[in-house]
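The block underneath contains the structure these notes are about, expressed in structure tokens.
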Amino acid sequence: MTLFGHRVPMMSSLLVWCLLWELIGRLDLMFLVPPFTAVLAAMVELVQSRQFLAATAITLRSFAVGMALAIVVGVALGVLMGRFRAADRLLGMWVNLFVSAPLSALVPILMILFGLGDTTIIATVFMFAVWIIVLDTQAGVKHISGSLVEMSKSFGAKPRDVYLKILLWAALPEILAGIRLGMIRGVKGVVIGQLLVSVIGYGELFELYSRNFLMERFWALTILVFAFAILVSELVGAIEKRIEYYAGVRQ
Amino acid sequence: MQAVLPRAWETPVPAKPDNIVEVRGLSKFYGSFEALKEIDLDFPRGELISLLGPSGCGKTTLLKMIAGLLQPTAGQVLVKGKPVTGPGPERAFVFQDFALMPWATVIRNVAFGLELRGMPKAQRHEIARRYIAEVGLAGFEERYPHELSGGMRQRVGLARALAVDADVLLMDEPFSAVDEQTRRKFQEDLLSLRRVQRKTFIFVTHSIEEAVYVSDRIVLLSRRPGRVSRIIEPDIPRDGTPDEIRRDRRYLDTIEDIWDGLKRFVD
Amino acid sequence: MSQLLARGTGMPVGPTPSFIRWIATRDHTLFWRLLSLALFCGAWEVAGQIPVNYALPPFSQTFMAFVGMLADGSLLSAYATTLQPLVIGIVISAVIGVAVGVLMGLRPLAEWLAAPVFIVMQAAPMAALIPLITFVYGIGMTSKVLAVTVLALPVIVLNCYKAVRNVNPSLVAMCRSFQGTRWQQVAKIVIPDASPLIFAGLRLGISAGFIGIVLAELLITPTGIGDLITYHRSVANYAEMYATIASIIVFSAVTVGGLQRLEVSLFRPEKREIA
């Protein structure tokens, strides 16, 4: 949008919403909306509390382990499906099923299989993130021009080189897009997993705060989690942009 | 395309060609980039005038300003003596990429200009049917654009422009997205259309051969910023067969002449 | 089975074994689907029979539990309970979402005000708000409808918005060149040209709505499918629990897949036009 001839940055409208929030909070219209400044104050307090730091450590660890597994398995499966038709046809159905399925329904199964602990959360993150990575990697590998592989073979590349030096790099833009979407899903997975297990990490805190009407803390935590989700996706988005220069040439 | 429309004969042809479109001191900036600089041009009624130049010379920009789709930074365009402020009923545009609505049948696409004017369906379909036949697409009325070849799609675009019965047809590289054979057929059709329709055609192209083959007058534009570098009136016999014309000395010389002038703009 | 299928597809008889040739030369989506399904169920059965985990019933047992729940009507009544807030939530999201999305695509002010909010909503784990929704609106219908809306709305809005922004500019110019009014431009060009993407957004919204309703029923209030899952888990009827979960996943996949089919038959022919 432009105002008085100047381009107004898109995200700046969030400030307007924060102001509105503050106003509603000040007027005491709704109990569940405390003033925005009070939420900010609670946030400062929150990030210093030991409870929060412990929950953050647990949450970050589950997220990182789950994502790492999802990326390794997802990229490997995706490359497999992109290269071999049989793998594509055997697995494609399941990937497409799970990529849009209500995976939160699976969390109770994970809970009885892995118990009410970290493992369940890691498995949830993995389940949420892996399918979109598989799908995007497969699409990326499938659309690599055949002449690129033929070129590398004509220069004497071994199968191993073809995978590590050509396929992975040529499909990198799609793989990164998949990882970015996977990260967003992974953050949702970690939150949903913890909410359903409700005895560890942020899930426990969310339970605690909403049960005890600690609205400032609840919103502070929510904003922090949201900010983390956006940060993670922006980070991968920035890496994506950096490799865009050759991705653009390819098209 | 030989369907004969009576009004072509009813309109008396003036002895001295009056200018239906006049361009006065037209400039266009995109930010600090000067696309067109102080263009002055006259477009006599009933002629086919080509705007020819290297890519990036602003010929499409000029055409879109005549159409009223773009606003000039300075100067103005007069159509029938009145300044242009936007698109108007006396001008119709033929798009390079056809701009057909993919969800609409051929007949609805052709009748679209009339539909926007609020003409009743039966009436506008009758008119549309006539022009579909004129461009040689009779029988394709209920087809969708994706079922047609590129050449046929552009015929639909042409029929749509003809259906609103404008005085001036503005054509933006209309044949550039079709293959060479279709293109030549189109050029013949354009010439015969011109004989029966007595409309003014302003035609943007980057093909020298095409411009020389179909035009009464060629406006050569230079680049950075776009200015009028020359106006050529090809002196080519129009009574021969296409083959004879394309082998005619004067036709070939004119092409060479223009190419000599344009060479230095090619990078 | 190979002979039967081969005859059905007009397989020419040759020197190589017909089955191998048949596999190599033709595209047999159905065959591969069945094979894939058989392998999956087989693996499940074996893992359940060993058993890999005490809480993993074999496929056969799960399937029998599914049939049993169908027969005693508990599954159907659970679906009736679950689908009601889902449908209401989707309808609300669709109406609001399409209106807001189209407005955002057309008006820079609306875009500036609303786009960041929905971008944040789509990237953020909105599920975190479900405990709050419960807290405010209790454990009734309103909460469940809200849970669905909160998850489905952002994706519908953003798709609509992108759809309107990506309308073919050439068609818009065409409409202007024939002196179409702003209103005609929106009604006759923008909306029809954007409709395939808008519809795709609705499909994604329904997919998100399924996640919302399952979460709501697991977190907020034990009713419908969520109740079946929670109840059978609590009494260690694992086969019934697995059957319920598998059924909701398949149900959602079939619904979304059906919509995708519908989409292709409604819009694809004209989409091919853009060359």
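Labels for the chains are A, B and C, by order of writing; each one numbers its residues from 1.
Keep in mind that, in the parts below, contacts are C-beta pairs under 8 Å (C-beta built on N, C-alpha and C of every residue); 3 or more make two chains touch, one makes a residue touch a chain.
Computed from a predicted model, the values in this text were never measured in an experiment.
A.B. asks: Please give the intersection of the contact partners of chain A with those of chain C.
C.D. replies: Where chain A and chain C might share a partner, there is none at all.
A.B. asks: Most C-beta contact pairs, which chains?
C.D. replies: Of all chain pairs, the one joined by the most C-beta contacts is A-C.
A.B. asks: If you average the C-alpha positions per chain, which one ends up nearest the average over all of them?
C.D. replies: C
A.B. asks: So, comparing C-alpha centroids, which chain is the farthest one from chain B?
C.D. replies: The most distant chain relative to chain B turns out to be A.
A.B. asks: Averaged over CA atoms, how far is the centre of chain A from the centre of chain C? Could you give it in whole Å?
C.D. replies: Using C-alpha averages as centres, the distance is 19 Å.
A.B. asks: Centre to centre, by mean C-alpha position, how many angstrom separate chain B and chain C?
C.D. replies: 48
A.B. asks: List the centre-to-centre spacing of chain A and chain B in whole Å, with centres computed as mean CA coordinates.
C.D. replies: 52
A.B. asks: Note which residues of chain C are touching chain B in the complex, please.
C.D. replies: Going through chain C, the ones touching chain B are 168, 170-171, 173-181, 184, 188-189, 192-193, 195, 269-275.
A.B. asks: State the interface residues of chain B toward chain C in the complex, per the touch definition above.
C.D. replies: Residues of chain B touching chain C: 64, 67-69, 86-89, 91-93, 95, 97, 99-103, 112-113, 115-117, 144-146, 150, 164.
A.B. asks: Residues of chain A touching chain C in their complex?
C.D. replies: Per the stated touch rule, the residues are 1-2, 8, 10-14, 16-17, 32, 89-91, 93-94, 96-98, 100-109, 111-113, 184, 187-188, 190-192, 195-196, 202, 206-207, 210, 213, 218, 221-222, 225-226, 229-230, 233.
A.B. asks: Given the complex with chain A, which residues does chain C contribute to the contact?
C.D. replies: 29, 32-33, 35-37, 39-40, 53, 55-56, 108-109, 111-117, 120, 123-125, 127-132, 134-136, 204, 207, 210-211, 213-215, 218-219, 225, 229-230, 233, 238, 241-242, 245, 248-250, 252-253, 256
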